[in-house]
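The structure appears right after this line, and notes come after that.
As written, the chain order gives the labels A, B, C, D and E, with residue 1 at the start of each chain.
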Amino acid sequence: MTDILLETQGLKKYFNSPAGEVKAVDGVDLIIRQGQSFGLVGESGCGKSTLIRTILRLLEPTEGKVFFKGRDINSYRKNELLKLRKEMAMVFQDPHLSLNPRMTVFDTISRPLKIHGLARKKQELLVQIVELLHTMGMQAEHMVRFPHELSGGQKQRIGVARALAVEPDIIFLDEPTSALDVSVQTKILKLLEKARQERNLTFFFISHDINMIRVVADVMGVMYLGKIVEIGPKELLLSDPLHPYTQGLFQAVPEPDPDKIIQEVQLEGEVPSPINPPPGCNFNPRCPFVWDLCKEVEPMLKELEDERRVACHKY
Amino acid sequence: MGKSGYVVRRLLRTIPIVIGVTLVTFLILHFTPGDPVRIMLGPYATQENIAILKEQYGLDHPLHIQYITWLGNILQGEFGTSIRYNRPVLELVQDRVGITLMLTLSGLFISVTLGSVLGIFAALRQNSWLDYLCTFQAMFWISIPGFWLAIIFLYIFGLQLRWVPIGGLTGFSSVILPALVIGLQEEAWFARPMRAEMLGVLNEGYISAARAKGVKYIRVVGIHALRNVMIPMITMLALRLPWVIAGSVVVEVVFAWGGMGSLLVNSVLARDFPVVQGILLIIAITVVLANLLADLVYSLIDPRIRVEGGKK
Amino acid sequence: MEEIILKIEDLKVAFDTEEGDVEALDGVELEVKKGTFHGLIGETGCGKSVTGKTVLRLLDNNARIKGGRIHYGNIDLLKLTEKQMEKQIRGNEIAMIFQDPGSSLNPLFTIKYQIEEAVSMYSNLPRNKWNQAILEALQRVKLPDAANLMHRYPHQLSGGMKQRVMIAMMLACQPQLLIADEPTTALDVSIQAQFIKVLRDLKENLNLTVLYITHDLAVISELCDYVSVMYAGRIAENLTTRDLFKNPQHPYTDKLVHSVLGVTTTLEALEEIPGSVPRLINPPAGCRFHPRCQEAIAICSKEAPPLQELAPNHTVACHRR
Amino acid sequence: AGDDSEVRIAVQVEPSKLNPITYQDTETGFVLGSICDPLITVDEDGSFSPNNAIIERFSVEEDGTVITFVIRRGIKFHNGDPLTAHDVKFTYESFMDENLGSPHHRYYTGIEDIELVGDYILRLTLEETDVTFLTLARIRGHVLPKNYIEEVGWDGYERHPIGSGPYKFVEHVPGSRIVLEKFDDYWGQEPSIDRVEFRFYPELSTAIMALRTGAVDFMPEMPADEFMDLEATPGSGLAFGTYQKMEDHRICFNKREDSIFNDARIRQAVAYAIDVNELIALTRGEMAVPARGRVPSFHPAFAEEANAYELNLEKARQLLEEAGYPDGFETEIFAPAGYRERIQEVQQIQVQLAKIGIKAEVVTVEWGTYLDVTADGEAPMFRERWSAGVPEPIGFVESWHSQSSWNPIFGVYNNPKVDELIDEIRRTIDDNERWKLYHQVQEIAMDDVADYPLYWPLVGDVYNENLHIPEELWDPFKIPIYYINHWSFK
Amino acid sequence: MNTAVNIENIEKEIKELKQKRTSQLFLTWLRFKRNRLSMVGLSFVLVIIFIAIFAPLLTPYDPYDTNPFRRLENPSREHLLGTDELGRDLLTRLLYGSRIALQVGILIVLFEGFIGITLGLLAGYLGRWVDEIIMRLVDILRSFPVIILAMAIAGIMGQGLYNVVIAIGLVGWTTYARMVRGKILSIKESEFVEAAFSIGESTPSVILRYILPNVLPTAVIMICIMMPTALIASATLSFLGVGVQPPLPCWGSIAAAGRDYITRAPWISTSAGFFIMFTVLGFNFIGDGLRDAFDPTSKRN
């Protein structure tokens, strides 16, 4: 068993909105180990993005702790935060929106290098950037381009290169391919995996596309309405989902197999609003196995064998 | 959040603005050099005369006392008494507000109808000569100073062609030119956004969806698109109001209409504090209220506002 | 042989833009059989939506239909006047659901009003029966509490509900053919699953013909009988859904199918199509796929391959087949 | 006008309050002129005359301290009340009442006593001999209805003023017009025109267009430029008339200690450098008489010997050199904004002064600010105008008196000799003696260049040629607009 | 592909980078150029700038040289547009007037632009009460008609060129502030700013490198769009008698002064008004073109 790289304890992030308090992340306990590729799935609005933004301290948590390499990241003072930024990096969902339209590729990638003092002289910068571009399957000529002069896939590769530039320990990937076409998606995923192997990186993927998480993750988590409902090694989770939500979700995924027998949908209704989540288990209004306890008591994330954990009163 | 909540919040937001407006109004006139009493009495005034009148009008008190007194009076509907006319400001305004209202409303009417029609046609016939003509004429009218346009119109249609009477409010035909000046100058502010909004709305999914249903194009434009375009147009209407009023000031001066505008200009020049303050305040509050009204009106048109408690 | 309800022949559409002409469609050919679900797939920008909109003649102002025929039954839609399209075809015969459920409903009108527009035009019911018809339309797509729901405004519905309202509205027109342009792309998996179920039910109960535009092969496999694969404004391959997964002939189809997550479940096995989708302003000569094709030969860069029939219900445009 | 019984008169400024005791502006005077009757009038030759006036006759006692008025009988106010000596007394008292805030208040402070000798005879007693009293305090012609004012109050009066004049007030539509109507019981010449409408045209060009299109019939005091232009336009359908206005135009200097113009040589230099003829050509064309003293040249008090400072740049430069400014200096010359002619002249003066090295920047400021800065000594030079009554021209010279309240307004002038002479003027009953004193004052002040007189304007009225205005009204002491009851349509 | 990095080649490419950067502007220029109206506008403005620079060479007269004996003359060989009410050559004054107009216009937009952009930046970036205060102030000022408030302000400070600038600017800045704030709010929330923070950029650096460059085009366009408003407002103030002082040859005051002579010398007002219209139209066309050129998404499609 490898070292724990990242751990969250009861992490919460609430937003104020005119309609009330949005409980976007509502008590998340997670453990990410060194070298893992962790994948978190969940439906739109369940708080995935907010979770990783809070872990990265791009948002201040409302409650709870995040330990990175054993140290509480809230104990980092403003000037130390820079260290943290070198160790954690992020790749964003929309390659187009996450690049400054007024910076060339060169500028975009050179910023992290400069900020963290990884290259000072122009020559050093050039060498490193070209190397990064080559890793990403791009050429030096791309350095002079502005984002709008690149294709979507190329932009996302720049986004990845920017994240890789600081040689971080962990990279958070917020649906890194959902804005891309299938054929391009493959390329990015492969490049990411290659980089992970070569640099011994830890990945934290989030996506609503179970098929993607299935392909890239070792360990998989399922999130529902601000909470993790189930977590465990990918194979086990896929073959034997425990939480009723996980089961329903996996069932709902259409399969590109014309021979598959089409099953009846089990997940009725929609994700409730995070402003007034149902009492007890969040999932109880949609759960086919609901009993009274579920409507009153919130299930904790229980540790099962094989590193699996699930938050359901059934277990 | 109910709709009444929205209305209340919107009303509350108006209060600091109204207070700010009164403060600005009050201060501006008080920092203005030139003693109102002296102007009133003219160059022949003696010191005693000045002192007596100052006391009479409370102009000898410290500024903040004057402000509070003034504000207190305003709240009671007392806008003070004109120094020059020796009549209540409100009465003076009442006498003239009709004229200004007629001018601004008829001007607005022309600009909104003309602007909307041109804007819609330009959008429907995008990139046609009509579209370019619409853009060009809109630019043309806003590139002309209002006073100049007024003078030229008067010169051509009044003096040379003698189509309309010159000066004063003497009947329907005398309203045409002044209203036209305001209308043309403002029309651009409706035509161009109307065109842009219309183009935007026509590209919306629900327009295609309505057409896919087989709804006639006229109906799609007239009902589905127009209603959506109305929301920004109402905002624009409120937004342009101060400009229309400013335009009507100039127009009133040129066309010798004795509305609030010319009263204001004369009073500014004569430092008739109470009148200027009163009118400035009335105009500013009208604008604030117009904005409020616009917001409320489109909360009626736009169902989204009722629930979300704010604009999208 | 099944009846062909829609037949597109050699359809060419271009857009005038500031940068030049975009040849969005360059000889699209496909046939939709009555009572089937016909999928249209391809990467972003390949012309799927343009094809759909051309059928209804709802293209943007800067579009030019440069040639081709669209046979609907025995009418050539491209020959009709705008009036005739409005009166006879749109809604009446062919209806269309657009990609984004949020923007396809007019935010300022109630659901009822928007469905009523359709009901009033196409059903021969007296006015007092309209409400009933609206209710039925909503219930047909399994919307709960339809009586209440129809008085709501679009923003008061969730994405999935809006999408179902859209179908209800289009079905209320009682069209023969429904064009659905990526109706599920914006939806979550669980909602998408519910939506697909609704469609499937409709297919069974109403004998609906649907031209289903998507880039999600999984959805195709669950819903469609036939598929057309598009690449850069042309049809690469017309085939059955089964063949798509089991027997793709065009190199592009092959790559596409195997680059789809889910079809392929390991990263190593995922196929990668080198290069990127060409821009349609100056598309490559010959076969538009040839710069990315590993099987390309000399002729591919010179001549555009015509669609040739390989088997019944299977045509492909490739020099190598 | 299409309707013969109505005359429409264009005025540029709207009368603010139709109150005879507080008004300042000419326009209010125009309106009140038809509503009220003058107490005393002045004849063509400039002497007091009871013709057309409320006073039938008046007499001044030997030492000049007692003045007796005999009021004409049979005069009625518009409300039917007879006009009596009580009303005249009331009017005088109103002027004297500080609380009513008449700007002319100070002219009446010399009144010791007002005595009603009968219903129609009134006796004023002055504290000391003041020959100028009658000129300065002739109630600007308007006798107020005592009973009416006591009944409706001053506010009420201002809303609906009445008098004994040929026309009665009908309505004031603020910002638009004032309408008067023929008063049937008028004692004097019966009006031939039934209605008079004063229309307000703040914009001169609009007013002129209105005149040209016949929308209005009469425009008093048309600016010279426009007057001459219209006059030269053939077929305009307009008629023209002029008269000299008792108004002097001058350049004033801030003569306070700290000012550069404290030095008389510099003022003289400026006087030599200014070419009055150019100024007249610029703004008035034919319509002005160059001023060489402070009193109109037709008046016996006019000082022929006073230095007129003909244009002489040599001399001007020499004076500057003597004063220690051989290369000139920089200064400012002020004019009130909106007063076109003054601004134009000031610009021309700027050009003229530049020739002797004085760089005068033109500053135009708002009327209100203008009054402040000129009175507070912040304007080194400024372009003023002053009108005063006749026959006694005291108004033109009195501001030179160091104790006069006008003195600071014109930049402070302090010359004991002049003070003495002006005091003497008031006490001197003999006309010829007094004229001589006037001569002396003017000679001294002109030598000093207390201020520099420019010209006397000729004022032109423009009217519809269908309107008949009797010849004799074109007189500085009559002025047609005060005699609308003598007008008629052809 | 060889992975060995050839520094020289890359440096060459960096040079290209600089060329490309200018070609960015060049692209914008191309888009701008395609718009016929904006080219017309540009030529109008260039003509005015040319006139402003070379005014003394274009006319033999002095704009201040009065001649009381040759006033209000009709256009003639000698005086192409005749003379004004002081006998000055009208054309000369109008030509020199372009200097004043440009000066006033530029000063106004710079002044109001500076205040507006600064306050807009502050409001947008700092948010909370700073935003609240600034935006309420904007609301308050916008409730007053500009001309009327400017008239009052010009009254306070006395007239003159700089006071006109301040008077108009004190209200005019609100437009910039609103625009800039709106823009910042959207940029602030954008993913690339978040990305910048995620790589460790400091707040000042984010403002400087990420926010400002993206606001700048908006600001530039704003300035071009506001120029006409500034010119017209200053002319209107002159008309109302509280503008630039005579004898400065300002178009607004020439038109205002000339209106008294409209029946006799209509060309005074007409030609001054024409100069204003010409310039304003030019700037309007340019502003319109720029808006399209800078923002390729808003192009007429």
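Throughout what follows, contacts are C-beta pairs under 8 Å (C-beta built on N, C-alpha and C of every residue); 3 or more make two chains touch, one makes a residue touch a chain.
None of the values given here were measured: they were computed from a predicted structure.
Contact tally for B-D versus D-E: the pair with more C-beta pairs in contact is B-D.
Relative to chain A, the chain whose mean Cα position lies farthest away is D. Work out the mean CA point of chain A and of chain C, and you get 32 Å between them.
Spacing of chain A relative to chain B, judged by their CA centroids, is 53 angstrom.
Remark: chain A and chain D have CA centroids separated by 89 Å (rounded to whole angstrom). With centres taken as mean Cα positions, chain E sits 24 Å from chain B.
Along chain E, residues 155, 158, 241, 259, 262-263 each make contact with two or more other chains. Within chain D, contacts with two or more other chains are made by residues 203, 205, 209, 212, 338, 366, 369.
Residues of chain C in contact with two or more other chains: 60. Remark: chain B residues 32-36, 38-39, 41-49, 52-53, 56, 82, 84-87, 92, 95-96, 99, 151, 154-155, 158-159, 162, 165-170, 253-259, 262-263, 265-266, 269-271 touch chain D in the complex.
Residues of chain C that touch chain B in their complex: 53, 56, 58, 60-61, 82, 86-87, 89-92, 95-100, 102-109, 114, 117-118, 121-122, 153, 155-156, 166, 169-170, 173. Chain B contributes residues 126-127, 203-206, 208-217, 224, 227-228, 301-304, 307-308 to its touches with chain C in the complex. On chain D, the positions that touch chain B within their shared complex are 14, 16-17, 19, 24, 98-99, 101, 103-106, 155, 158-159, 173-177, 199-203, 205-207, 209-210, 212-213, 215, 338, 366-369, 371-372, 375, 405-406, 409. Residues of chain A that touch chain E in their complex: 53, 56, 58, 81-82, 85-86, 88-90, 92-94, 97-104, 106, 111-112, 115-116, 122-123, 126-127, 130-131, 134, 139-141, 143-146, 159, 162-163, 165-166.
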